[in-house]
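First chain A sits with chain B, and in the next complex the same chain sits with chain C.
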Partner chain A sequence: MPIFEVFSQQDPGGPFIHAGSVEAPDAALALQYARNSFSRREDAFRLWVVPRTAIHEEVDLDLLRPPGDHRYRLGRYYRANVEKRRRLKARVADAAGAEADA
Partner chain B sequence: MTAAVARAEGEIAERTAAFRAHIEAGGQVEASDWMPDEYRRRLIRFIEMHANSEIMGALPERDWIARAPSLKRKLGLSAKIQDEVGHAQLIYRVAEDLGKPRDQMFADLIGGKSKYHNVFHYPTKSWGDVGAISWLVDGAAILSQSGLLRCSYAPYARIMKRICWEEAVHLKHGEDICLTLAGGTPLQRAMLQEAIDRWWEPLMMFHGPPTPPEKDGDLAWRIKAKPNEELRQEFLDRYVPQMREIGLSVPDPACRKDAESGRWQYTEPDWTKLAQIGNGGGPASSQRLAFRRLSYEEGAWLREAVLGEAA
Partner chain C sequence: MTPRARAALARYLLAMADDELVIGYRDTEWTGAAPMLEEDLAFSSIGIDEIGHARLFYALLHELTGQNIDYRARRPQEFLHARLLELAAAPRYEPSGEHRPNRGWAFAIVRQYLYDRFDALRLESVASSAWQPLAEAVDKVQREEKYHLLHTSTWIARLAERAATRGRLSAALAECCTGVAGLFEPVVGEALLVAEGLLGASGETLRSRWSDQVGAELARHGIAVPADGLAPLARSALGGRRGEHGPEWLQQWDDMTSVYRLDPAATW
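Coming up: the complex of A and B.
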């Protein structure tokens, strides 16, 4: 019997999150079973069922998290901006002060 | 009008009213839901222009990959451009699901029939422009894009999470370039100030004319969250002090925050000029579209090979 993976939307407009799977002869029954297993307590706003055979997986970490230094793609790489700005701000304020004194 | 037609029309009016009430109460809509034609049309127009802007926005920066001043900057800039093109991919997909085929959107873009953001119709003249764009243009974009996180159309709102996160990195990258130039030699400082002077007008036009909220259909359908003028006020509030504290000046003598109202005053941009630019009359419009057309035509063999048919 085909297996269907179940995805559940737990907030209106939110992402569909993998909840588990059900075994069913067709999609209509799979939805019934999914509802019975995964939304007995008003858990879901929407349910999706997808035949497991329709899902393809990638697990190669060399592809998903390529080796090498990619920190420049992250916000924290630019954390030094805060200190850079603070120093520059002090310098600009000093220069403005010196101009006012002159 | 036959009774059947009248009944069908009455039904649509009723469904539209219920849909409108759902949206106005903060409800969201999924791709598989029924939606009124006007809502779908507005979504497609809005989302298509956003996708066009992401892909056209990669072009002015692309010119600077080979001219970036260091390997670090080259990596940062290349990553940003890759992100922008990636955003176009995500957003075109959402528009496609709404019913407009991608080849039609590309044909309309290179044929000058659909629009892309005014800010991408200008040339980039120096490395200072790259900093100004990545800091301030992306800064302005983040303000309007974060409003889209609450868009009534959920598939669009969901992909905006990723896009906003990546835009925040671009902003840091641009801020770093600007801080480096502003703290550099007199020549570097002058280069940055000249770039800011060039980009100020497009930045002030960025969020569009101050259309009264009640006349803005995209607001009424909750496609976007904030009126244009609110976004411009937020932009000025956040970035003018940040510019001034690092020694940059705002090239508008009228630009000041009114202490009493707490509102920013500024020289009113020429909104007819904005309309002309948006319609392809900007200083770099024809060059940019010609380049996009060339890439599209030169890539035709690949699309044919991948799709197995004439693309």
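Coming up: the complex of A and C.
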């Protein structure tokens, strides 16, 4: 029997979070079972079920966590660069000002 | 409200509550025995909903008459549920190792479906009651019943799809239908309730609406109505609304009240 992965949204507009899975002969029953198994405390706002076969998976860590140094792609690293550029620009401007005064 | 009308409405509420309690209890017996784990949860959760509705109706009865209903302390012949609902469907495992298969899953799901169709019409009828507390309480119950009908209708459609299960569906339908008339059996004073607007429709009116709806749904799935009709007036179906029940009820009553009867004075 097919397996369906269940995703539930807790608040309007919020992300759908994986809640678990159910076994069911079709999507209609999968939704009914999902409602019972994963929204019994009346906490879901919306429910999705997706046939497990529709989900494609990547687990290769060479792809997901490449070994090279990619720190420059991180926001933190970029921010450091911005700061560095601001300091450089200020130094250039100061130097130009000193030349004009002289 | 006249004392006679009040007494009749109290009986009607009691019958409604007992229906819900008895089928709800039977449904929960499927925990661990339904065709699959997901259905264990779905079906016993429907049972728990029904028991919740019974509690609500017992509370309304208290509001109407001041009478406290503790189902555990009642004698078996004081229950007014339809006899169809007391029939054992789930397999029974005795501690001694004895095993009784009982009527099985197809019977349970078909009975619940037929009952849900009936219950929806009955709720519609009480929603227009001139007794305001009842009319107001029904809305929430109706919204919960929506899931029950969705679920049982889905099962009926699926069982009707394949030759292998169609036979089981038809057999279960024939077996259930011999008891259906008991659902529509009037409680004493029902005519008065309809006349005074405390009830929207009589059991007889509901029976004809029910037969139309169920007949149409079965026809859509290409399932034939049993030879004797959907709700034949079989003697064995009737008596529940007067407290007359069969041997399976005594067993269920015994199960439901055994812990309570160990020490009726205990506080739980």
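Some notes on this structure:
We take it that the second predicted complex is superposed on the first by the 77 of 102 C-alpha atoms of A that agree within 3 Å, B and C clash if a C-alpha of one lies under 4 Å from a C-alpha of the other, contacts with A are read in each partner's own complex, and residues count from 1 in each chain.
Quick note on the criterion: contacts are C-beta pairs under 8 Å (C-beta built on N, C-alpha and C of every residue); 3 or more make two chains touch, one makes a residue touch a chain.
The structure displayed is predicted, hence computed values, not measured ones.
In the superposition on chain A, contact of A:Ser37 is made with chain C only, not with chain B.
By the touch criterion stated above, A:Ile3 is placed in contact with neither chain B nor chain C.
Touch criterion met: A:Ala28 reaches chain C, while chain B stays clear of it. Of the two partner chains placed by superposition, only chain B is touched by A:Lys84; chain C is not. Residue by residue along chain A, chain B and chain C are tallied for touches, and B comes out ahead.
In the superposed model, A:Tyr72 lies in contact with chain B only, and not with chain C.
Chain C makes touch with chain A in their complex at residues 36-39, 41-42, 45, 147, 150-151, 154, 158.
Chain A makes touch with chain C in their complex at residues 1, 22-25, 28-29, 32-33, 35-37, 40.
The touching residues of chain A, counted against chain B in their complex, run 12-15, 46, 70, 72-75, 77-78, 80-81, 84-85, 87-89, 91-93, 95. The touching residues of chain B, when paired with chain A in their complex, are 27-28, 30, 72, 75-76, 79, 154, 157-158, 168-169, 172-173, 175-176, 179-180, 182-183, 242, 245-247.
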